[in-house]
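Please go over the structures that come below.
Next, two complexes with chain A in common: one pairs it with chain B, the other with chain C.
Take a look at the complex of A and B:
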């Protein structure tokens, strides 16, 4: 039987925020009477993650992703609901739990700014009580995977953002956690560094079997790493299931791209086959209802014959699907 | 735990080495205030025939030198930094490690004291020679000074952490700490030796924790109180250390539930 590593039931977090209107009068009034408002950052979400899964946690800004990760890592106490990670209640922050999990935030540093990362790793070795042989093994493995040789001996403040993120990963994983919460791990990185970090996360998951819950605004991260995604919006769960099924359930259309030989894309009337989304330089993109997509494609190939240089039928881009989910606010779908 | 402290100490010393000039300047700054009070009291004493209460000029010099040393060894500045850490979300990584955040603070304070004690001692020897300071210290006083300054350090550290922990509720602990520091300025023995404070103020200073942080260990080091009185005062130190230890445990437990991990 597969081991359930993360078990979340009806988890809620409500923050009290102070509101004030603009202007001097409102400022003076706020001295005497403060208006407080409850904000439901997480409004009752339930999901489970099995050992070794890499799950994408998606949602627009303010959806409650980071708040959920903070509760699961133990930083925040929930307002209601329950959660268990590796059998521990995260917010009790027992040492045994902290030694088995990590929270890595792309925009935060946990390394000592003024000293080389190698020295920070030594401190972490002592804090996590990692035996010397195991420490050396992990450092060697992380150095190889993240190409750290040159970096660990420079003071952290002298590293570029991408370099720093790599050593942050090393610091966050030095104790070989069984669960990793990654919050926007590739934020602000250039494309090549994003690819390297993605490759590293995939390889790390393969080698160690660690369970990973990842948030990212870069859909490429999610597509490359996660077979399963959990989508939340305004603190509520909208979708939990395979990434591959997300498009099918949330976007009931396919995208047909036809490239024409004679450059007649601008003049050929293709409205009969579907909704024309764009036309450029001999290439026409059509949006076609999912059910009729095979028949329309066949008809298109048959009608255009030798004028057709290439044709592809695909799901819409994942960004588009996600955007549809958020803007349409569909009810919870679970695959 | 010893090896954890050793690793933290090494890292902190490396960090502190980057800011050695700043450390020395802070140390010198910390001596300025006692020296000003010393100069003022010397002037007053000289104008009144060289004696105020049980203090002559040389006693004042010994008192303020002892006070500077105690101030360096005992005081800490957690509240300001902790508020910053809470406000900027820097506390989060520390909370997620299997080591209480207070230990990082202990090490930071130890390193500060280690790096400044030698230059401070040189400055204090110079002041002692200039003012011909007279210490009435006996070996027993010296023996008692060690636990007394440790208790004072623990008291300052724990009370600082209780104040700092208020940052879980308000991100403006600065105002509270400043109020605390102003009270300490009057009641801890900085403005005058505790024995020279007017009756009610003297009573307040020994009823509140402030006097036990600076004035008490300074008087023990100077040999300004009898051994019996020193022991009685140290009982007061133990009392306040226990009070703040219990307070810290409670406030921390409740406060950390309140932590909103702003921006982190």
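Take a look at the complex of A and C:
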């Protein structure tokens, strides 16, 4: 039986923001009398995450991802709704809960700039009351997984962004948390460092069985790490299910790419088969309704015969699917 | 409690290591402290070459007071100034979140986190000046000897409480550096006994900026000018100030966790 680690029910967070128009007069008016407006950062979301899952939390800027993570880590009180993580109510901020969770933010550091990370790790050992043997074991494991050897002994200010992020991971995971909330952990990193961080997260999850909820703007992170994704937009849940099914549910079309032999791609009329998205050299890309895709493909092969060098039928790229979800107003789809 | 003492030692040790790395800087700062202290002791000596008593304070008591001033100011610079500066930076950058996510008192983790080790030199010099001043005071009784460290700790607590209350405004206004700078400049006034100042300034220094109390009362204590009731008032007063400031800080914290996105 799997244990439910994160249980969120109808969680809401409403912020009050002061609104004012541009210009001095408007500024003065608003100084006297402020117009307040309610903004629903999170407008009632419900989901559950089982122990050991790695779930991708997707949404455009301002969708409510970070607000949700902050509520789940206990930094924010919700306006309404319930949440339980490892059986604790996060915003009560009980030490027993804080001892078992971590929040890592890609754009913020908890390390002290002027001193080496090794010293910060010692401080964390004392704060979390980690026995020496266990501490040594964890440091050894994290050092090996993240290739930290040299890094922990240099002052943090001398590290590159990528190196700092690796050390940040070590600091955030030193107490072996059962739940990790990762907010944009690869933001600003170069591609090879992104790959290494991803590999680390996957391996860490495999070794420790920790439950991970991750937000990222890089779809590669999500594709590499998460079997399941939760998509939110304007504070509402749009999709919760397998990453593999996201395209099927959210993008009702397939992409057919046909390569023609004689360079006749520019002249051949293919509009009858589907919507032509692009034509370049000998290659034509068509968008075709999901239901009719097999039949159109067969016709295309049949009609073009030997002029056809290659043909492929695929789901649209995940970025495109996500973009489609965010630009169109769709109702909730749950898997 | 033991855990917090160990944490404090750890905070201190890491910062000590850091400051030891910049040896020349450390030596220069210690030199500067010595020069500044010597100058103000010199000023007091010059003053007392014209008079023997300043509003009831003779040279010995005056030196004790100056020593207390350096002890209290040194304490402020040792841990409070660096920690509170970092605290306001944390509020601005949003990194305060990390302190709130730790299974320990956030107030402790934030307000006693950073040390400026060189300020120890100032405290040491302060202790020396107190000792020299005591040499000129005929006798120090048991009550005075026991009361002095208590009064001094109360002085530290008062300064801590005031800074904590002031910095709490950072939760709402984010930038309160100027308020803190104002405070540090008021601090300088503490090197003279609070009762030499005119009434309005005396009230300001003692109540709004309890530096007057924090410095003068310990000095009065050891110079035999304070009774048990006065000491009692000081203990109760500083405990109350500490409690209220902590409550206020937690109130500010609640608005921080209630609003930050």
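As a working rule, the second predicted complex is superposed on the first by the 335 of 335 C-alpha atoms of A that agree within 3 Å, B and C clash if a C-alpha of one lies under 4 Å from a C-alpha of the other, contacts with A are read in each partner's own complex, and residues count from 1 in each chain.
To be clear about the criterion, a residue touches a chain if its C-beta (ideal position, glycine included) is under 8 Å from a C-beta of that chain, and two chains touch if they have at least 3 such contacts.
Values in this document were obtained by computation on a predicted structure and should not be read as measured data.
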So, after the overlay on chain A, do chain B and chain C clash or fit? They clash
Query raised in the report: In the superposed arrangement, which partner chain does A:123 touch: chain B (first), chain C (second), both, or neither?
Result: both
| said: By the touch definition at the top of the document, which applies to A:15: first (chain B), second (chain C), both, or neither? | reply: both
Thinking of the overlay built on chain A, is A:108 touched by chain B (first), by chain C (second), by both, or by neither? both
With both complexes overlaid on chain A, does A:41 touch chain B (first), chain C (second), both or neither?
second
TODO: Go through the superposed model and pick first if A:99 touches only chain B, second if only chain C, both, or neither.
DONE: both
Overlap of the chain B and chain C interfaces on chain A comprises residues 15, 70, 73-77, 91, 93, 95, 98-99, 102-103, 105, 108-110, 112, 114-115, 119-120, 122-123, 126-128
So, in the complex, the side of chain A touching chain B is made of residues 15, 70, 73-77, 91, 93, 95, 98-99, 102-103, 105, 108-110, 112-115, 119-120, 122-128
Residue set of chain B touching chain A in the complex reads 3-4, 6-8, 10-11, 14-15, 18, 89, 92-93, 95-99, 257, 259-261, 264
Listed in rising order, chain A residues that touch chain C in their complex are 15, 41, 66-67, 70, 73-77, 91, 93, 95-96, 98-99, 101-103, 105, 108-110, 112, 114-115, 119-120, 122-123, 126-129, 155
Seen from chain C, its contact residues with chain A in the complex are 3, 6-7, 10-11, 14-15, 17-18, 93-95, 97-98, 100-104, 109, 257-261
